[in-house]
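What follows is a set of structures for review.
Both complexes shown next keep subunit A, but they swap its partner, so subunit B is in the first and subunit C is in the second.
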Partner chain A sequence: MSFRMRLPSADYFSDLVKAIHAIVDEGTFQITSESIRLVAMDPAHISLVDFELSNSAAEEYECSGEMKMTVSISELMKFLKRAKKGESLILTYNDETKKLSITLIDATGSRERTFTLNTLETVETRTATPNLTFDAKARVNTDAVKDAVKDSSLVSDYVKITIAPEEVIFLAKGELGTVQTKLTKMGATVYDIETDKEVWAHFSISYLDKIVRPASELSDEMVMELSTNKPIRLGFPIPSGKLEYLIAPRIEGE
Partner chain B sequence: MTQLWVEKYRPKRVAEVVGNKQSVQQFISWMRSWETGRPQKKAALLYGPAGVGKTSLVLAYGNEHGYDVVEVNASDWRDQEHMKSIVGSSSQQLTLQGTAKRIILVDEVDGIAGREDAGGLSALRRIIDETRVPIVMVANNPWDQRLATIRDRSLLIEFKRLSKTDIISRLREICRREGLECDEQVLRALAERAEGDLRSAINDLQAIAQGKKKVTVKDLEALGSRNRVKQIFEALRIIFNAKSLRSARAALEGLEVDLDTVYTWILDNAPLQIQRLDELADAMEVLARADLYLARMSREQKWRLMRYAVPLMTGGVALSRKTKPKGFVKFSFPDKIRFMQKTREERELLQSIARKVAAQLHLSSHKAMKYMVPFLRVIASSSTRNAEALAEYLSLSPKEVEYLAGKPLEAVAKASRGRRGGRSPSRG
Partner chain C sequence: MRQVRLYGRGEAEAERSVCPVCRGDYKLCRLDVCPYLRHLRDLLGRVESSRVLFGSSPPSSLVGSWGYPRVYVGPLTPPITEDTSIMESPELWLDIPLERILSMRLSLVRGKVRADVREARDPGRMLQSIQELGMAYTPTDVELWFSREPRIMPGFMVRSAPWGPSASLEKTIVASNPLVPRPVEKAVSDTDLKASKAIIELYRSGISLSQIVRLLSLGLIGTRRWRRLVPTEWSITAVDDQIGRWLRGRVREKRWISSYQVYSHEAHHNKVSILMLPGPWMFEVIEIWHKGGVKIYRDHELPGEPDRYPEEVGGAFHALRLPVLEHLYRVGRQASVVVVAEVREGWIPLGVWRFREICRRALGRPAGSYSELDEALEALGRHTWAPRTLWERNSVVLRLARTQAKLTRFVGLGKV
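Moving on, here comes the complex of A and B:
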């Protein structure tokens, strides 16, 4: 069985993989005739990435059957970093040889570079997206969140995220002092809030930072979904695809 | 792509974990203490030989009770940073389901205690102090000095080698589920070979059963022998050919043979491997020193001396040998060990007699052996009556009496009859 996909921008795909690489070093793509999808948890099981790119994102898409492809994301990243502006990308995978080819073609079609990557053995794991329901949902500006996380990191390792009917608040408390960022509804930073009560939880700043930073390259707005003391879902809308993360909250109380 | 049977048949539920019932119980009650409130110790250290179900128990428990098991291996926590970012983070956050049902499983803690640890262990210690979820560590050897602070913070649960019966019944179960016909004798041989290590038994079974419907005794040959002697040959090869102290020392790592035995092997092989006399003299000199340390180690229980004994007997010998013998000189089995094996039964018999004498006469068994046994030999061989009286007084087994008499009892009887018949003067 084999798979082939041509994407107009190698650069863009590289950014997508970078966003996955934020939390995992190794991952399994499930390839079907509809889409390629990767669901993976980081080694500490605190965050999860759910990435999907449908065939409509591709200029050409051929898939002769369902297959799984496990790759070292860090190695894949190394190759994709070589992509230049304006280059397009062809991914080819052969299920028998277990090799993934990455071909970079410049705009004029005069230069074609092919990198071949040996894939890894797929280990059957039980990574399933948890069944969660969220009490609150906010659509916010990605850069505003990126800044809020960065600011919070000055005083603490954790930040309390609150979604209230009229605002989204980031509050970090440390020995040094406190940092608070308030994003008000109907401003330039919060596009929409759907909740009738206030919900909150504490999250690790390092996880928020490593997820939001690369994802901010991909999307100007993001969706935050939360219930009190439950994992948060961060969604970054991308054309013909899905990029979502879950982060587990800190354990509260004694 | 074939799946490894050890993975395929890893227990899914605690009840399927083979053997070590007491340890399993201990683990379960510790987990209960987490579930019902505050445990006395926040971490548990499961220790024991390889392949007896330490990791399997944790995974089975996690699976059965819906825990998210975060597994970290030696390679994941070479240093403080990795330790903090994986184990540290994980010990403070809920699961992605939004519950606190998580177990952190740190495999091979003793493995990291060695060379590659860059602050990993001290980071782990702090994490244990602050963790909000159970941390389970697994080790083969928990007694490493560097693990001391971690031991203090952990509930120690010992796992023992599995019995042959346990191993055989598990192997039989696997055969049944694989639809594999397997001679009982093969299972017994596999269990024998495994020496209490179920994982290696299952691996062996899979190796010989590959692509077959039926496994017979003949297939066993394919396994070759993975015994201790082979391991020690490998270690000797490394020691005698090492170019540096460090590489010679490393030869003993992972070798499941006690130091005294290794010492005997090196000592006996040195004269064969080192042919120039001046070099041999150097080697013997360091071996003599190593021997002193070894003796003091066991006599005074000063295990710290091991750090001198080991480099001397490995590296010291390696560096003494500056010229290689021409051609290949094979390593030989030490005479001492061969002799000890041969005389093992005899020594055991003697020991048991000495113990009985010691108990009856209020002596140490050492003294009994030295001062009493020689006389008992004379008494036992003198006449059947004396031998029988002796046996009764000391409650000796027939075998022990025969050993003392130095011949079968009928022969004693015949000899004494002969003496009486010949009216020879009694020799007091």
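Moving on, here comes the complex of A and C:
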């Protein structure tokens, strides 16, 4: 069985892989005739990434059957970092040889570079199915969240996120003092809030930061979904695909 | 390899001003007043009256950091020719009195020569014989010719063990044939092997930490272009760190331990108490000094956070992390770990090895095993000199273990 996909921008794919790399060093892509998908939890079981890119994102897409491909995300990242602006990308995977080749082609088609990566043994593990329901949903500006997280890191290593009907609040408390960021509905930073009550939970800043930073390259807006003392879902709308994360809360005072 | 910064805050503050005799001002350190030098006076008297010294180097060498990148490098050799290997074997030092360790180390005469760190890859005759000596793993006879009589200027350092009188070297003659282990020969001759990889290969073939440190500091391992002299203190931490990283990569793939475990050991006015919790690899050192009041220094590494230099604890962080990882690697498990390292009145600054060795010793004994975190904390509290609240309140790992929920609690496990 084999798989082949041509994407118009190698750069863009590189950013996507970087966003996955925020959570895992190693991951299994499930390849079907519709899409490639990766769902993985970090080794500490605190966060999860759910990534999918459908065949409509590709200029060419061929898949002769369902297969799994496990790769070292950090090694893949090393190859993709070699991509230059304007280059397109062809990914080819052969189920028998267990090799993934990454071909970078420049805009004029005059240079073609092929990197081959040995893939890893796929270990059959049970993966978490991210089917949670949430009480509140807010669509916000990614950079505003990135700043709020960065600001919070000045005083603490965790932050309380509150979604209220009219606003989204980030509050960090530490020995030094407190930092609060309030994003108000109908402003330039909050596009929409869907909730009838106030919900909140605490989250580790390092997890928020390492997710939001690379994802902010991919999308200007993000969707935050939350219930009190439950995991948060961070969704970054990408064309012809899905990039979502879950982070488990810190339950203070338990 | 990443440059190791000089000191953590704890090292700079607590460790450096600690000699009960001269109170850390080594200029006041005098042969005739120092009680630790009592047994050495005859020996040192002889050293001080001669410009030539013949002895068995354990082997040992020292690269100073002063004046970097033009540093002082040279062998450490006592004026005796017997089996001196114990003088360079910290793994044996927990069982001998502090005074003996100190007098042993102070009998080591330091020959020194100024060299640019880059000369390591293209050494002159003198540096070449110093390097040759450094490759040996059994005591090796050397003849040192000094430009003047060695003078007592004992060097105390935060991380490395101290040494005795020193003088500039004119000539070094390696008098017996140094015995060089195969793996060392292989790593030294491979000029395409990166230093970080060489350290791991040497470690895995059973070469002692002291020797790996010596090879790194004398610029004997690494790719040719990057071989240079590395101050001994930096080498110690670099080696602890590199081996630790390698072990950490392996340990992170293992299953979590299944109960809370407590270990503790005390030696030479130092105590190391360890708490292991079932969970992902996390590591924290809480260093407590009980000397005229209580001082606390702490550092940690958490899952998902990039590596950073332990600003507070410094070299002791890596020295304590290594035995913990060695233990977990051996039992094939992963854990979240809190280490409480305490120092009491009576300790003299002999180096960071004592934390490493005490920690090893603690982990070598059966653990106290508990099914509840609170029981384990209580047990740890019985071991530490400091009251439980002191470290409990300061621990980031404990707070995280109590508050950070796992996703698995909310998300069903099933096939996607």
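Keep in mind that, in the parts below, the second predicted complex is superposed on the first by the 252 of 254 C-alpha atoms of A that agree within 3 Å, B and C clash if a C-alpha of one lies under 4 Å from a C-alpha of the other, contacts with A are read in each partner's own complex, and residues count from 1 in each chain.
Criterion: a contact is a pair of C-beta atoms (placed from the backbone, for glycine too) under 8 Å apart; a residue touches a chain by one contact, two chains touch by 3 or more.
None of these values were measured; they are calculated from a predicted model.
Superposition of the two structures on subunit A shows subunit C clashing with subunit B. With both structures placed on the common chain, the touch criterion links A:K230 to subunit B and to subunit C. Of the two partner chains placed by the overlay, neither subunit B nor subunit C lies in contact with A:G65.
Taking subunit B and subunit C in turn and counting the residues of subunit A each one touches, the greater count comes from C.
Residue contacts after overlaying the shared chain place A:Q30 against subunit C, while subunit B stays out of touching range. Looking at the shared chain after the overlay, A:E121 reaches subunit B, while subunit C stays out of its contact range.
In the superposition on chain A, A:G187 contacts neither subunit B nor subunit C. By the touch criterion defined above, A:V39 reaches subunit C but does not reach subunit B. Of the two partner chains, neither subunit B nor subunit C is touched by A:P165. By the touch criterion defined above, A:L132 reaches both subunit B and subunit C.
Touch criterion met: A:K210 reaches subunit C, while subunit B stays clear of it. Common to the subunit B and subunit C interfaces on subunit A are residues 41, 43-48, 130, 132, 204, 206-207, 230-231, 246, 248-251. Residues 1, 68, 70, 72, 76, 85-87, 89-90, 92-98, 100, 102, 132-133 of subunit B are the ones that touch subunit A when the two sit in their complex. Those residues of subunit A whose C-beta lies close enough to touch subunit C in the complex are 30, 37, 39, 41-48, 126-132, 157, 202, 204, 206-207, 210, 230-231, 246-252, 254. Residues of subunit A touching subunit B in their complex: 41, 43-48, 121, 130, 132, 204, 206-207, 227, 229-231, 246, 248-251. Listing the residues of subunit C that touch subunit A in their complex gives 252, 279-281, 302-305, 396, 400, 402-416.
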